[in-house]
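The following pair of complexes shares a single chain, subunit A, combined with subunit B in the former and subunit C in the latter.
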Partner chain A sequence: MTTTERHPIRSAEAAAKQVSPSTAPKKRKRISTAEKKRRRAGWLMITPSVIHVGLWTLIPVIATFYLSFTDYGIFAAPKWIWFDNYVEMFNDAVFMQSIGNTVWYTFWTVPVSMAVAVVVAVLLNQGLKLQKFYRTAFFLPQVTATVAIAMVWLWIFNPQYGLLNAMLETLGLPGQAWLVDPQWALPAVILVGAWQGIGIKMLIYIAALQNIDESLYEAASLDGASSIRKFFSITVPMLKPATFFVFIISIIGAFQVFDQIYVLTDGGPANATTMMTYEVYRSAFQEFRMGMASAQSVVLFAFLLFVTLISRRVTKEED
Partner chain B sequence: MTLPTIKALAISEQVTVVPRKRWFHHAKGRQAALINVALILGSITMLVPFLWMVLTSLKSPAELAQFPPTFLPQEWMFSNYAATLDAAPFGLYFRNSFVIATTHTLITVVLGSMAGYALARIYFKGREAIFLAFIAMLMIPTYTKIVPQFLLVKFMPLFGGNDILGQGGSGWLDTWWALIIPGGLSASAIFLFRQFYLSLPKDLEEAARIDGLGEFRIFSQIYTPLIKPAIATVGLLTFQESWNNFLWPLLVTTSSDLRVIQVGLAVFQQLDNTQWQYLMAGTTMATVPMVVLFIFAQKYFIQGFTNAGIK
Partner chain C sequence: MRRTASVAMVALLGLGLAACSAGEADADLNPDEVSGEISLLTPIFEGSPGQDLLEDELLPQFYEEYPNVTVNVDYTTYGNLNEKLTTAVVSGLVPDVMLMGVGWIEAFADKGVLADLGELGLSEDELKESYTDEIVEAGMWDGNVYAVPIMLDTRFGVARMDILKEAGYDSPPSSWEELIEIAEATTVRSDNGSLERAGFDMMSLDARQAFETMLFSAGGALFNEDATEPAFNSDEGVAALGLMADLVNKYEVEDIGFTSTDDIVNPLINGRAAMGIAHNNLWTQALEADESVLDDLEPFVIQGDASGMFFGGTLATVANNSKNPQAARALLEFLSSPDAALAANEQRGNVPALTELLDSDYVQSNRFVQFAMENLDVAQREGGPSQWLEVRGDFAPAVQGALLGQKTPEEALDDLAALVQTAIDR
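And now, the complex of A and B:
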């Protein structure tokens, strides 16, 4: 997107304005009525969206910040309490644990699924016959609902009759009470998150691979470079911008994990899998502490904003 | 200039053929075989949960209580599906989800394309500011707005027994309004539409304007037909997101009549988590529409997911 493209009409308008009124008064007047009509049309077309986004996004964001400084339980008016919610939140062991869990979940799901995604993308980029089938298989968990997927995993993780324990048994490994055991619940949730998240990352990598200049590989082949060498010396460096993009959107996605927690563990056992989003949900809709929930979501937002700003800075330095 | 020539002009500028790149042309047989084996194993890992879901939905309760589990059902219980529909009104949930997802798609395509067009092709005062605001709204995570959104719904004035100040009743809670209006449009859809309209050449509007067409006709008869693939992409993404949405319908509805399929599944599981064959049958029913839609419209989904990226 270039700047000239972004202001095609504005520059035309500027050109029209430069015609002095004394030399071409009639022409100018004609343009301005047409222009007026266009502007009105523009406003008409955008107004519904402006109202919608204003009402359902802009006002809520402002309200979240306001409510985070209040004690508010829906039934009485919000009471301004300064930073009490924040103080309480950071002294709350469960919320601190939810931050830890969220970070830990992100720390594992993002790199694992990224590593798998890049390998699959590279393998898929070689014009195999079954390419379309493979791509569909890896992408399918991304289009299906997380709730439905979590239901299936709930059954796979079932300690008594589940598929996972049956498979471990055939391998001679001990089965686990996956979602019930505080030690295994978070790893189990991480497994589902990593499994589901491969698809989108793979797609972005495939798109990026298509943009790599093939002559680089041809030159490397002439020099006698092996496939592995080519992967690390050409593919990996050329994929750097894509990797960065994937990394950021994956972190933002992972920080907002909710549906599978709700279905798989309800935050338990012993808060082993509670996440920041889950605490927001619990405060707001189970304890009806809207102010506290807002403060918690402000902290979540701060984390995500931090990630976004860091990413901006790094991309700018790369340019 | 007649419309067909305008179209031809636009298309000729639009189409670029990207050749598929491969990082080796002469894959040796053994290497290709190895890659295929790895990818088949990977695909199996991705598909087994889906297969397991369908197989479980066709087993008898007695068979499900066996350990180690059987792979194929000993007896194919297709009657499980009828029994599932008796156990919970999944048909109704399905219809609700369908109505909501379709409405969201329609609203997004109509309003989103208009807004995208205005942002891309019409200059008016304040346009840049509105665009920047939309971009900022793109970056707002769901959880930063969910509490006030819920409050807005609850205190919606003059609905559900509320007075003009929004007090006294339940507002939009447990109504179709709450399910349809707040999620009807997203800043990301507007942004995507803007990008698509921006990619079209300017000659078209100039030609159309000389022909005396008004802005709405230029929008609806000239530019929008040219971005049909984009409409398919945004529409499918919206439908998918709406069909898969869970938290919002969970929060704003309580009655069974308004339950969507994802919430229906979650409630069904909490009510009776021992009847796995029914739960898996319900899950299969919730999953099949998206899988079918994806398989038939893969191209558009993939375009959307790679373009949108930022979700």
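And now, the complex of A and C:
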């Protein structure tokens, strides 16, 4: 008997247990005093977290939904206006542009940083010399303040003194006004986003790579598989759970991009790099329109929920 | 001397108080009777030098005069001031004394956050004895005084006279036509056409403020007189933005991206621009970066159909719900007194708002600050409606859109005016 076959006796017992709840006699399970104490202790232990989540997450989320239907400018009580904020938002060319920019930013940063991260993770998992140094170097952008990083990139992108144009010049290529030319500003921001996102993804991939059973590679080697074949036939499939996780957190992160836009371009030039989060910030703290900012946040939330559900569905189907 | 001046200022304000208002709130401050703990939110005095000035020099002088008052300082920057004030208002913890910018008073006064200083004894007429009219009006809303100016930030034209002289010009431009002519003559491009020196730089300054300076030089205004409608899309506004766009696209005296607001060294200091619109602190920057260029930097008012000079600045306000209004008022008066204001201006390289400080050593030793003060009568401010803070962020994209050729100046300004009008009507 193989391990996948079901034991006839156990199966029968299991079937017997699967009686419809409506027809099964309700037996009240007696809980021992020790069990009660354990449960009470459990509740006590999670209470701080529940209070924290309720106070700082649940209430703000509910408040955001409520405020999105109001005209709330801080200085006076919110006034219920039904869907006016949503109608105005979807008729606002700048907000629509911010949606387009956010989707475009996500479309490029997520796959690019994931692809680079997995390659770097595989390379750094080979037992290279100075492995720790490289891992630290790749992870450094993740633990460095985005504002500090953005300041460095401001220099790199500087049309006159910047590193990027200097490199292009040595190659005989024309330099660009990276952050002030609408044609180049968004790609420049995408480049920074993709680069900055590599570190954390690489770390997750390295952890996942270390969980892959070495015997799979050994068996493949015996069968004469090349390194590339092993990568695509073993590594990539075995990294699937990690890839899904990285994919989801990357999308969420990309949709929430804010600080580098704030420092690098301020949404410009001519709104070329404005993002949904930046518009939320503008509505809330520059225009004092908290109701509108809440409505924009709800739309951002809806986008993230939609993308996450689609990703889950796709992954489930593949499984 | 500082203490004497502070006392004199308090006495002066006290006199005005007795002259123009009645009631208990109008009584002069008796330092022994003024007490309490108050908070000060300040976007100036940030960083170590500013903090040292405030805490080691200014506040001890204040405490000497008002020993029963304690001041808790909350430092911020103009970049974060909006968030600070917004969250303060929402949480109901509005600081007793708030320093805020020109263009900000209208919004917070309209919403009832600020105390009417008239009720504390400060009248418009009295302030106009010490400040130019436009500066006093920057602190007013709906006919009442809500803020007292401390320092100004001005923008005006600056020319590198060594470069202009090389090109055969002895003085800065005195009209738009001359500005175009000199800018073209001083622009330098390499053989492959890349820009090496801009004839007239507008990009190292915030796009909104650059446009406003040009708008004022065209004789235009941001809003109509009662600030109920935008006026910047008038013929003057279109001409001003048209000139800016032409300087880039037609006369090619500057390229997009040649300079930026992030540049560490101003292009006028390192010779990458022959002329430009600059902040008065360019003098201080040059003093630190390259003293040798100071003699060659010549300030000028950009002259079109009118005189183009822009001013922003910092004003002191008192919260409407302050629990210690007398202590808050005492601090406001102290910070806006000649000595304290002079020290703050000197530390930041800014322009004192008080007319009497024109004769001070600091102003006389800083040619740009002196120039700014001598021309304050033509300087105009931004703002106007209570929605200014809501809409000011829309100006830069509109101006950039015109400079990039995405829209004509007329289209850009009309679209912007529609946005602004919607906000005003909201």
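Everything below uses one rule, namely that the second predicted complex is superposed on the first by the 256 of 319 C-alpha atoms of A that agree within 3 Å, B and C clash if a C-alpha of one lies under 4 Å from a C-alpha of the other, contacts with A are read in each partner's own complex, and residues count from 1 in each chain.
Going forward, a residue touches a chain if its C-beta (ideal position, glycine included) is under 8 Å from a C-beta of that chain, and two chains touch if they have at least 3 such contacts.
Because the structure is predicted, anything quoted here is derived from the model rather than measured.
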{"item": "When subunit B and subunit C are modelled together on subunit A, clash or fit", "value": "clash"}
{"item": "First (subunit B), second (subunit C), both or neither touched by A:Ala270", "value": "second"}
{"item": "Subunit B versus subunit C as contact partner of A:Leu128, first or second or both or neither", "value": "first"}
{"item": "Touching partner for A:Trp82 - first (subunit B), second (subunit C), both, neither", "value": "neither"}
{"item": "Which of subunit B and subunit C A:Leu179 touches, first, second, both or neither", "value": "second"}
{"item": "Subunit B versus subunit C as contact partner of A:Leu154, first or second or both or neither", "value": "both"}
{"item": "Winner by number of subunit A residues touched, once subunit B and subunit C are compared", "value": "B"}
{"item": "Contacts of A:Gln286 with subunit B and subunit C, given as first, second, both or neither", "value": "second"}
{"item": "Of the stretches 127-135, 253-261 or 289-297 belonging to subunit B, the one that collides with subunit C", "value": "253-261"}
{"item": "Overlap of the subunit B and subunit C footprints on subunit A, listed as residue numbers", "value": "74, 154, 158, 160, 284-285"}
{"item": "Sites on subunit A touched by subunit C in the complex", "value": "74-76, 94, 154, 158-160, 176-182, 266-271, 282, 284-289"}
{"item": "Residue numbers on subunit C that touch subunit A, as the complex places them", "value": "82-83, 86, 89-90, 107, 111-113, 203, 255-258, 260, 262, 272, 389-393, 396-397, 400-401, 404, 406, 423"}
{"item": "Contacting residues of subunit B [partner subunit A, same complex]", "value": "18, 20-24, 27, 31-32, 35-36, 38-40, 42-43, 45-50, 52-53, 56, 64-69, 111-112, 114-115, 117-119, 121-125, 127, 130, 133-134, 137, 139-152, 154, 181-182, 184-185, 187, 190, 195, 198, 202, 209, 214-216, 219, 240, 243-244, 246-247, 251, 262, 265-266, 269, 276, 279-280, 283, 286-287, 290-291, 293-295, 298, 301-302, 305-306, 309-311"}
{"item": "Complex contacts: residues of subunit A adjacent to subunit B", "value": "1, 5-10, 13, 34, 37-39, 41-43, 45-46, 48-50, 52-53, 55-61, 63-64, 67, 74, 116, 120, 122-128, 130, 132-134, 136-149, 151-156, 158, 160-163, 166, 169-170, 195, 198, 200, 203-204, 207, 209-210, 212, 214, 217, 221, 227, 230, 234-235, 245, 249, 252-253, 255-256, 258-259, 262-263, 276-277, 280-281, 284-285, 290, 293-294, 297-298, 300-301, 304-305, 308"}
